[in-house]
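Presented sequentially are two complexes of chain A, the first with chain B as partner and the second with chain C.
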Partner chain A sequence: MKRALPYVLLVAAAAIYPYAVARVFLDTPIERQMGTAFKIFFFHVPMGWLCMLMALICGVAAAVELRRRSQTAAAVALAAAELGFVCGLGVLLTGPIWGNATWGKPWTGDARQVSTALLWLVIAAYLVVRHYGPSSNRRLAAALAIFGAIDVPVIYQAVKWWKTQHPTTEVVGSLPPALWASLWPALGAIALTVFGLLGIRIRQLLLADALDEGWARQSDLAAAKEVRHE
Partner chain B sequence: MNELTPPPTPAAGAPASDEYAPAIGFAAKDVEQVRIYEAKAEQKVARDYQHIVWAYGVLWALFAAYGIFLWRRSARLRADMDALRRALDARA
Partner chain C sequence: MRLLRQTRLLLVAELRQELRSLEVVISSAFFAVVMLALFALSLGALSPSAQLSAIPGALWLSVAFVGALTLTRVFDRERESDTLRALLIAPVDRLAIYLAKAALALLVVLISTLVLVPGLCVIFPAAAPIVERPLLSAAMVVLGCVGYVAVGTLFAAGLAQGGGKNVLLSLILHPLTTPVLMFNLVATRALLERHPGTGEYLGRMAALDVLLLAVAAWLFEPVLVGGAPRRAPGDDARIAAARARARGGRP
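Showing the complex of A and B:
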């Protein structure tokens, strides 16, 4: 069951997606000021939340990895960083598309835009260090992941601490029930997709570690056999 | 000619309304022109499908790209596992 769980999540997401999209486009009223472009909100916001959640998971897992030298924590941190990268890119691309439609400008240098872009760059740096750096750079990678996690509350508070054009955190809380009824399925579909992909990626990374160990043992056995022959 | 007169303020106790106030003191031609612009803007905002298509296209393309990345990685891991199994069988 544990092995099948990520695929079950993806199948559930695939079942919810048509309903979520149909709700957003057919049943949700058009917002008076922003018009049709407001429908970007229903997938942009969940992507933003999941990007921040993945950055938090990555930071915590990296700290655990640093402390306990756990291979599982290392795999969770890397997989979460990859999904944080994908969700962050989604947010940073759909945000300016929405901004272009409603503010007339894709990028305004808004505090929330900048802090989100900073998080995405930190995640990108973490991925570069983990994928291409030597294993001795694990501490640097973990420090980057923890820095990314610290940026998450800054992103959340950015609209309160600084004067910004970006909608505040109260907007979601004050949504009328008709809009919540469309946001929940969209959030559910994206969350199930992200957690399904996270599960698959974690398993892949653990398998890759096991294979590396297998190859190392295999070459040790081969070396021992050669010594015996000599 | 077009003397701008502010619309009359609603009487105390009257329900607040954000609907169009009567345009007093404007030339009918100017009012008509403004209404044409407003109607055009309203149409543009209400049928802004270009931004929607781009935004949703980007989101699903990203997930599809990551899905393909995982699928290729899986295929590579499976090939690596088969190679290791063959190498171990050959040693046995």
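Showing the complex of A and C:
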């Protein structure tokens, strides 16, 4: 059951997607000020939330990995970072499209834009260190993930002092019920996809670790036999 | 007290080594001069109002680049002779190692700012408030550099100890030190505009420095030494060797 859960989540997501898309494009009224471009909101906001959640999971798993050198925590941190990277990319691509339609320019250097872009950069740096650094740099990558999780609210506050014109968090809170009814299916479908992929990727990374260890053990045995023959 | 004594001893040893050649100080200060020349050529003709926007960026970008160079050079010595491992084996508190290294890097970066800040005041007339309020300016520069060095020392040490590539330091350091640089930019802009709340911005910079120093000091030992291993020591090397044998080559 545990092994099948990610696939169950993906199947559920596949079932919800058509309903979510139909709701957003056919049943949701067009927003008066922003026009049709507002429909991006229903995909942009869930991806933004999931990107931050993945960064948080990555930071917490990295802290556990660093304290206990747990391979499971290492796999969770890496898988969460990869999915955070993808969600962040989605946010950074859909945001400027929405911004261009609403503010007249895709990038305004606003607090939330800059903090999201920097969070994405930290996740990208973490992935580069994990994939291209030597194996001993795993601990360094974990520290990077922890710092990244701490950095995000600080960057956000710093840019807010500088300038901001992004919709405040109250905008999401004050959404009319009709828009919430469209946001929930979109959020559900994207979240189920992300968690399904997270489960599959964690299992894949743990299997790769187990395979590496088995490979090393077998190779050691073969080398010992060679020495005995000589 | 023991921690302070160990930190002082390690810092004195670092300073003695640096005074023999002045290699890190001279290379960082010279790099600061190069940055100033580049800013003079590219931004020297800006209008006074545009200079107000350019000066904070020019100052803190220079500090970021000089800081990355300094941290790389400070730990290159350890990398070349693998002495960081010896330091970690020595009966010294690991926090003292971190504090001594951070203090040395901070000292070198501050010496570079002694070149940078007056240079920027000469190139940009709009930087006059920095000269008019020397104590506030000095506090701002010191607080800005402390935060940068606090994060940088941790990652430079981690790369030096793990045999990592130097190029990774810039890749890690610049996204992570952005909050410090953002706080510094805001405070510098306030200082240049003679904002009455400049002191408050410096307080926020000090709070961020304390947070970063605490997190970096907490992470220093786990990053360099690690927690209780689940895999046996040397397992990663065994896996790499097994892979090489499977490909038909020698490990």
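The definition used in the following text is that the second predicted complex is superposed on the first by the 217 of 230 C-alpha atoms of A that agree within 3 Å, B and C clash if a C-alpha of one lies under 4 Å from a C-alpha of the other, contacts with A are read in each partner's own complex, and residues count from 1 in each chain.
FYI, a contact is a pair of C-beta atoms (placed from the backbone, for glycine too) under 8 Å apart; a residue touches a chain by one contact, two chains touch by 3 or more.
On a predicted model such as this, the values are computed, not experimentally measured, just so you know.
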Combined model on chain A: chain C and chain B, fit or clash: fit
Where the C-alpha centre of chain A sits as vertex, the angle toward chain B and chain C in the overlay (nearest 10 degrees): 110
Partner chain(s) touched by A:Gly133 [first = chain B, second = chain C, both, neither]: second
When both partners are placed on the shared chain, which of chain B and chain C touches more of chain A: C
Touching partner for A:Trp215 - first (chain B), second (chain C), both, neither: both
Chain B versus chain C as contact partner of A:Leu207, first or second or both or neither: first
Per-pair minimum CA distance [chain C against chain B, superposed on A] in Å: 10
Set intersection of chain A contacts, chain C complex versus chain B complex: 215, 218, 222
Complex contacts: residues of chain C adjacent to chain A: 151, 154-155, 158-159, 161-165, 168, 171-172, 175-176, 178-179, 182-183, 185-186, 208, 211, 215, 219, 222-224, 226-231, 235-236, 238-243, 245-246
Of chain A, residues touching chain B in the complex: 30, 34-37, 39-40, 43-44, 47, 82-83, 86, 89-90, 93-94, 97-98, 100-101, 193, 197, 200-201, 204, 207-208, 211, 214-215, 218, 221-222, 225
Sites on chain A touched by chain C in the complex: 66-71, 118, 121-122, 124-125, 128-129, 132-137, 139-140, 142-144, 146-148, 150-151, 154-155, 158-159, 161-162, 212-213, 215-216, 218-220, 222-223
Complex contact set, residues of chain B against chain A: 44-49, 51-52, 54-56, 58-59, 62-63, 66-67, 70, 73-74, 77, 80-81, 84, 87-88, 91
